[in-house]
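The same subunit A turns up in both complexes below, where it pairs with subunit B and then with subunit C.
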Partner chain A sequence: MPTWQLRLLRGRPGSPPRLETYRVELPAEAYLIDAVEKIWAEQDRSLLFRHACHHASCGACGVRVNGRERLMCITPLREFSPDRAIQVEPLRHFPWLGDLLVDVSPMMQWMAEIGFAIIRRDELTADRPLPGGIEQGTRFEDCIECGLCLSACPVMAADEAYLGPAALAAIERMLAEPRDGDTARLLALADDPHGAWRCHSAMECTAACPSNVDPASAIGRLRRRLIVEKFRRWIGGGR
Partner chain B sequence: MPYHVIVIGAGSTGAATAHDLALRGFRVTVVERGEVASGTSGRNHCLLHSGGRYAMRDPESARECIEENMILRRIMPEALELNDGLFVALDEQDLSFKERFLAACEECGIPAREIPVKQALALEPHLNPNIRAAVQVPDGVFEPFRFCLAFLATAKHNGATVLTYTEAVDFVFQGRTVAGVRVRDRRAGEERVIGGDIVVNAAGPWAGRIAAMAGVDVPVVPTAGVMISVGRRWNRMVINRLNMPGDGDIIVPQRRTAIIGTTSWRVEDPDFIPIPEDHVRLLLDRAEQFIPGYTQGGIRGIFAVARPLVGRRGVAADGRELSRTFECFDHAADGVEGFVTITGGKMTTARAMAEKVVDVVCAKLGLEIPCRTRETPLLSYRAFFEG
Partner chain C sequence: MKEASRWKRAGGWVDLRGRREGGLAFLLMRLTGIGLVIYLFIHLYVLRLLAQGPEAWDAFIAMAKSPLFLALDGLLILGILYHALNGVRVTLLGLGIGVPHQARLFWGVMTLTLLMTAVAVYAIFAITG
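And now, the complex of A and B:
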């Protein structure tokens, strides 16, 4: 069984973090979350990290792996060589709580502010007649609120007040299917100087997203929507 | 309410217990050594049970499942996919269970109905076309992290304190009564004592370890299972094999992915569970029987976790057994006051487990406060993150 080297960012707020190397034996079929959990279980009980579902549904285990945003639970060890250390650091652009742990509250508060579109008709059978009972079949929205896109976004580094890709994608999703939502409020949020116009189209969010959301395209659609709304107001006499 | 209850564990049981306690007016502190749902609850198969899986073998638990399933639909819609489930017969042996299965579901109050194979295949076009029969039930899918967060968010709103990354390391006694918990704040690296009137052990497969710190025995047998997440969703409903529950007989879809499960073996240490390679192969083979080509979407993740199964030893004889499907132990019977354990059960029945243990807490304190969790909608899981 191969021995993997993990270089983990360690420390607590108040003093500078350091990188520490651990060695852990696991089969190549295992995942990075297994390696980190095994280090915690067998070597260092003080290690702080977030995790829950281990199948990319909860969004808790986001980190930076060799500089790229990843969910540890779907990052297979076989991607790496046992000869070179795998560097694991916490996500950027969130308050750091220690080791690999960050506080995702700011993002969750924005998501709460935007509302919960969430739970969509299952597109698998969207074009099929359904028998009684499951016409209302639903499934979760794709966004798992993991924060990888926020960490990857270069604008987040420059503008602390930037809404960020996850929230903007959520606004776009809400506007696409507003139900009883307050679209004017959402459009105003997106039209804010720290909203959709701040995006540089670096596309890092879409590259980092582990869950098919494609925030960059959503922000593009949102901008077009904002322009259409502006024209509409202009033609309509500034109503 | 002068009484303070400390709950150990922020999985589904601890979270639901904290909510029930807060709703009944208790002062509540939850201590959890890691993130919310970082143990058994998080690494769940995510099946909102209709009870169909247990209808033939364990009707009492099946009845609990369907009752709780309908309650959860009312109180936590944000954390559920409502996509139903299909029990399919793949061969003659499966088919021989059909009438018994339908009768058992009816007996348990589970709205099951057989649908023609042709219709089943129209609904689930990727299903093995050779299926012999299909029965539709109100299974669903939940999001385990959000499930726990929704209970905790509501508990916090009602005054509870939730301390994550805070590990219970010892009990504080006054005589033979538990008077508090010594905890280690893992972020600060400091220990302190939290005083309480009652401590509820909701540590799942770790409940035995927690109980041992108080010098009492809880017969929890950590029993692991492997699950495989695949990167494509081929089925809209939960697909179950129409037979007695066994290995690799269920595929639970979630978003654009799905989870194949599961297996079952006893483990000593639930902290880290190595994954047996043969279990992975078995699960993949079985999934292919349901839906040929299933694993072409690629494996996304493989994970294992321990269920908290309760051993039968001496339980009924002591009269401590409150249910066949989960157990509440009042450790006064072991000579330790102020300490109860709630364990066993399933995530679908977490609310019922909480009701049971909080009833016991109330009885111990001589209080008569009715449970209100059945009809109280939970806050959004996102409210957990409010300041």
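And now, the complex of A and C:
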């Protein structure tokens, strides 16, 4: 069984963090989350990190692996070589709580404010017959609120007040399927210097997203809609 | 947040670690944009020589024909071309058009920029040399 080297960012707020190397024995079929859990279980119980589902649906295990935003639970160890340390750091642009843990509440508060729904109408089965006994197909929203996109976005680095790709994509989703939501309020949220207009099209959110949300395209659609609404108001004369 | 960490965070856009084509395109766009603004002021400063009569202007033109100056012109053209061509890319992407092709579009912008700069630099040295 190969021995993997992990270089983890360690520390607590108040003093500068340091990188520490750990060795763990695991088969190549294991995932990064297994390695980090094994270090926690066998070497250091004070290691802070977050996880729940182990299958890319809770969005809790986001970190930076060799600089790039990834979910630990779907990052296979076989991607790496045992000869070189795998560097694991916490996400950027969130308050740091220690080790690999960040406080994602700023993003979660926006998602709650937007009223982002978890269940959606299933467009994949919309025009297909459903099996007997099932009346309507529903499925989970693509966005698992992992925050990888916020960490990858360079604009997020420069503007703390920026709504960020996840929240803007959520607004766009809610506008596409409003479910009695207040669309005027959502549009006003997006139509702000720190909203849809702050994006500089660095495209890192879409590249980082593990769940095919494609926030960059969503922000583009949101802007088109805002422009159309603005023209309507001009032509309509006020309001 | 403390002042120091605030500044550190605000400078995060220059940090290319973990970023890909789109992040690099954004960084170069900003740097060329800032460079063009600086160039604009230098340009206006130099143009004021025109008000000081033909001698001052002719002396400047003689210097502007030196190889070092011509090379700087090449750099300027490189910056302008990148900024303008990527400006078209960013305008489309910003409206959600072509997002799945953004990395290829970036390399297209780069290729066009380099080709057009090469032609321009060749022309500059051919005309003045």
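FYI, the second predicted complex is superposed on the first by the 231 of 239 C-alpha atoms of A that agree within 3 Å, B and C clash if a C-alpha of one lies under 4 Å from a C-alpha of the other, contacts with A are read in each partner's own complex, and residues count from 1 in each chain.
The criterion applied here is as follows: contacts are C-beta pairs under 8 Å (C-beta built on N, C-alpha and C of every residue); 3 or more make two chains touch, one makes a residue touch a chain.
Everything numeric in this text was worked out from a predicted model, so none of it was measured.
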Which superposed partner A:160 touches (first subunit B, second subunit C, both, neither): second
Which superposed partner A:58 touches (first subunit B, second subunit C, both, neither): first
Go through the superposed model and pick first if A:29 touches only subunit B, second if only subunit C, both, or neither. first
Among the partners subunit B and subunit C, which is in contact with a greater number of residues of subunit A? B
Once the structures are superposed on A, label A:97 by its partner contacts, choosing first (subunit B), second (subunit C), both or neither. first
Check: subunit A residues flagged as touching subunit B and also subunit C none
Interfacial residue positions of subunit A with respect to subunit C in the complex: 64, 66-69, 92-93, 152, 154-158, 160, 199-204, 206-207, 214, 216-221, 223-224
Which subunit A residues qualify as touching subunit B in the complex? 12, 27, 29-31, 37-38, 41-42, 45-46, 48, 50-60, 73-74, 97-98, 101, 104-105, 108-109, 111-112, 116, 118-119, 122, 124-125, 128, 130-131, 133-134, 136-142, 144, 211-212
Give the list of subunit B residues in touch with subunit A in this complex. 34-38, 41-44, 46, 77-78, 80-84, 113, 115, 119, 122-123, 136, 141, 143-146, 165, 186-189, 227, 229, 233, 235-237, 253-257, 259, 269, 271-272, 275, 277, 280, 300-303, 305, 380, 382-387
Using the touch definition from the top, list the residues of subunit C that touch subunit A in their complex. 1, 9-13, 15, 17-23, 25-27, 29-30, 90, 93-97, 99-100, 102-103
